[in-house]
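Chain lettering (A, B, C and D) follows the sequence in which the chains are written, and residue indices restart at 1 in each chain.
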Amino acid sequence: MTPEKDLREQLATCTRILAMQGLIGLFGHVSVYQPETKTIFVTPGSGSDKPHFQADDMIPIHLDGKPLDGETLPPVEWPIHTALHGARTDALAVAHLHTPYATLFSIARREFHPVTLQGTIFGEGVPLYKEAHLVTTPQRGDNLLKTIGDHRAVLMRGHGIVVAGKSLAEVLFASMILEDDTKKTMQALTLGPIDHFSAEECRGFNAEIDFERRSRRAWEFFMRLESTWDRQGGTGKIELFP
Amino acid sequence: MTPEKDLREQLATCTRILAMQGLIGLFGHVSVYQPETKTIFVTPGSGSDKPHFQADDMIPIHLDGKPLDGETLPPVEWPIHTALHGARTDALAVAHLHTPYATLFSIARREFHPVTLQGTIFGEGVPLYKEAHLVTTPQRGDNLLKTIGDHRAVLMRGHGIVVAGKSLAEVLFASMILEDDTKKTMQALTLGPIDHFSAEECRGFNAEIDFERRSRRAWEFFMRLESTWDRQGGTGKIELFP
Amino acid sequence: MTPEKDLREQLATCTRILAMQGLIGLFGHVSVYQPETKTIFVTPGSGSDKPHFQADDMIPIHLDGKPLDGETLPPVEWPIHTALHGARTDALAVAHLHTPYATLFSIARREFHPVTLQGTIFGEGVPLYKEAHLVTTPQRGDNLLKTIGDHRAVLMRGHGIVVAGKSLAEVLFASMILEDDTKKTMQALTLGPIDHFSAEECRGFNAEIDFERRSRRAWEFFMRLESTWDRQGGTGKIELFP
Amino acid sequence: MTPEKDLREQLATCTRILAMQGLIGLFGHVSVYQPETKTIFVTPGSGSDKPHFQADDMIPIHLDGKPLDGETLPPVEWPIHTALHGARTDALAVAHLHTPYATLFSIARREFHPVTLQGTIFGEGVPLYKEAHLVTTPQRGDNLLKTIGDHRAVLMRGHGIVVAGKSLAEVLFASMILEDDTKKTMQALTLGPIDHFSAEECRGFNAEIDFERRSRRAWEFFMRLESTWDRQGGTGKIELFP
């Protein structure tokens, strides 16, 4: 069992990296699950100071969203986390992000297909949750769960994304990959018609690649970078959604 | 009655945040109204050093644009502020901004429709003021007032935007939302045809959300961020319009 | 007569501001003319350290491109400067820039028309110099002069721009305006068909505006900003062309 | 024979500059060849800290990819480097990069043609390597070699680019030029149909330009800039691919 202390540290670190990379904005949140105790650790909600998160700021909640201490409320969209952690054993980490580029696929009618080799981890597609609301009730959480199915990620219409994975390192890496792939799709389309990788090509590429190992490498790289970050994005220009 | 001291502090803070976020440029200005004394506090005009504004720099004027001290002139487009503060009780704060993305909707013929959940606060649309001049006379101010009607914001052709609200926090938050929504519209269109939220969906979403509370959260977050800003946007690259 | 010392100071300052704003890149150059002595002061050529330019680095040359000291060579495209300073009394300052956005109009077939109120100073259009070479001879300089005619600026195909003006402040301000207007044109086109200001609207707007005064305001603002610039664009990411 | 010490220094410097400019990301690598000893010096692989590379970090390998010390493994895509260094006498330096803009031409179906004067060094075109895998075997390296032929660069589908040159300075400069040209192509297309330089115009321009000399100038400029870089891209926002 991964000790609570480590889960809290990793969650705070992951969220600071997401803030540094401009992927979480003011209203995103991330969680990690301790299945042995059925406890979810989740970051504080809107307005909290993500670039300065520490292990102690993380909020432990039960699978029904109730805080363990009976007091400290999780983000209002906590049902995203409880639904996924409760139902999918491969969803030990969950991020709800408002990334600048992946979110565009929740606005445009174009279906997502990977255009980069790294993006082939999303070769099975990224479904769209269409409802025009925040996921603030367990029923909405269940609907989201039905939409994501066993995919790595789901788009939320005009809103953002949810990415699930076996570890925070995988969720961080997969979020960056989805962001990069959607950004490149958008930019390449300015050049005219584009190609994407076929399902077969996606499977072929992933059979050769150790995704977990690459996730850990990315995690170590960004952890090192984050350790000397000036906490302001340098420019002071942290975006809202972003 | 909100004391003058507080209004001045808030106005300077709001403008520094807008400068930090790259939303005001060299020629924008912001105001706040004290209805009990019919006094408008407005930021100094073109060329002034927005990243370093302090409470003492704010200029008090009457509803006819005359400076209270008889000397310190407000920005030449003061009739924007006097028109709105004088006529709309829900316009206690007014920002005239040259934001990079919202301004594009004053150039393209495309009508604005919200594509993000946050953007649904602009579900009633954002009208366009078409005249090719600066709003430098009370008559032009009245025309602008007719165009904006009871909307939250108005586009000014090839120029910028005006956003009105019940507080500076609301105006700041709404300006950021409009900027984000128009930016995402532009980018998503690169992917092909897009969807937007219907009037009904906008009303449904806003019925669930406490806009004022979220505005205050955003205000507190950016105030904290601004307090350690290096005053230069890090890169020193402050844009003109911007 | 403006003293040499002042011209040198202003030229170095102007170029540092252009470097800070990412408008000059590795290969651009700027000049200012002292008509009483028929002397041109020009910035050093490719590879020179623009963010650190000082008055002493400026190179004085004659109208035939020969250095006054017989030794220190000007940039290879000096005929741009000698042609304009020698022929146009309203071209006391000349900048050859590789700006990111205006340069796009030298690649696309679309004709330039101002889409912003500020851009109306270019209401008479911006012609295109089509030759696929650097302007390294007096004859090429003369051809460029014929192309620019009495316009404020000329586009150089797949290369950059030249902007002329009565002072360095005007050239700086006009360059920023052209950059902003072309950037907004490009971005607004992503939204669909766009409008531009008619020749009549351009004249009407400019009749109301004191361009010189606004240029001085912009100059003072950016001079103040530049004085505390970290000389690296913060990110260290100075672009080549840029 | 260029001493090993100098090759190591230059390779580390070149890679730090590429990191500073956002052209290499987490997974790129660069090499330089010492033909007299048939030794390749290559940068460490994925996850390594490129902004802090020093001469001692460089890995010497044989033309068959075996490390000289028998221990320190090169990046998994070492066959890119061995194939090119072994076969082309004009490929003394080789960079495998994941640049933001050039990579788009490996996704879109549009063929590359130079739109800038500098870009005319790629007047002979940039071929596309179509396979959906990493170049991890000598056979794949040979296929890549066949695709690049005697061109300066090759696009790798949904992946990145390889640039070869007579020196690290040339490879650095050529990479920046290709990046700039592809970026401007993409942006200019937003304005509508565009023009590019004909093969004849490319030859004419290059006959007048000393590419090596310009490469050295760029090298000196960026080396100076890099020497005071804050190692974080200022914003801490180093991208993954990037």
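Quick note on the criterion: contacts are C-beta pairs under 8 Å (C-beta built on N, C-alpha and C of every residue); 3 or more make two chains touch, one makes a residue touch a chain.
Given the structure is predicted, the values throughout are model-derived calculations rather than measurements.
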Query raised in the report: Fitting the CA atoms of subunit B to subunit C, what rotation angle results, rounded to the nearest 5 degrees?
Result: 90
Report summary line: Residue numbers at the subunit C-subunit D contact, same meaning over half shared and different meaning under half, come out as different
Query - Maximum centroid distance from subunit B, chain identifier (CA atoms) - result: D
Query - Distance between chain centroids, defined by C-alpha means - subunit C, subunit D (Å) - result: 32
Requested in this report: Using mean C-alpha positions as chain centres, tell me how far subunit B is from subunit D in Å, no decimals.
Outcome: 45
Report summary line: So subunit C residues touching two or more other chains come to 185, 187, 189-190, 233-235
Report task. Within their complex, state which residues of subunit B touch subunit A. Result -> 20-22, 114-120, 176-177, 180, 184-185, 187-195, 197, 201, 204-205, 208-209, 214, 217-218, 220-221, 224-226, 228-230, 233-235
Report summary line: Note: in the complex, subunit B contacts subunit C through residues 26, 46-47, 49, 100-101, 103-105, 107-110, 132-134, 136, 157-159, 185-187, 189-190, 231-241
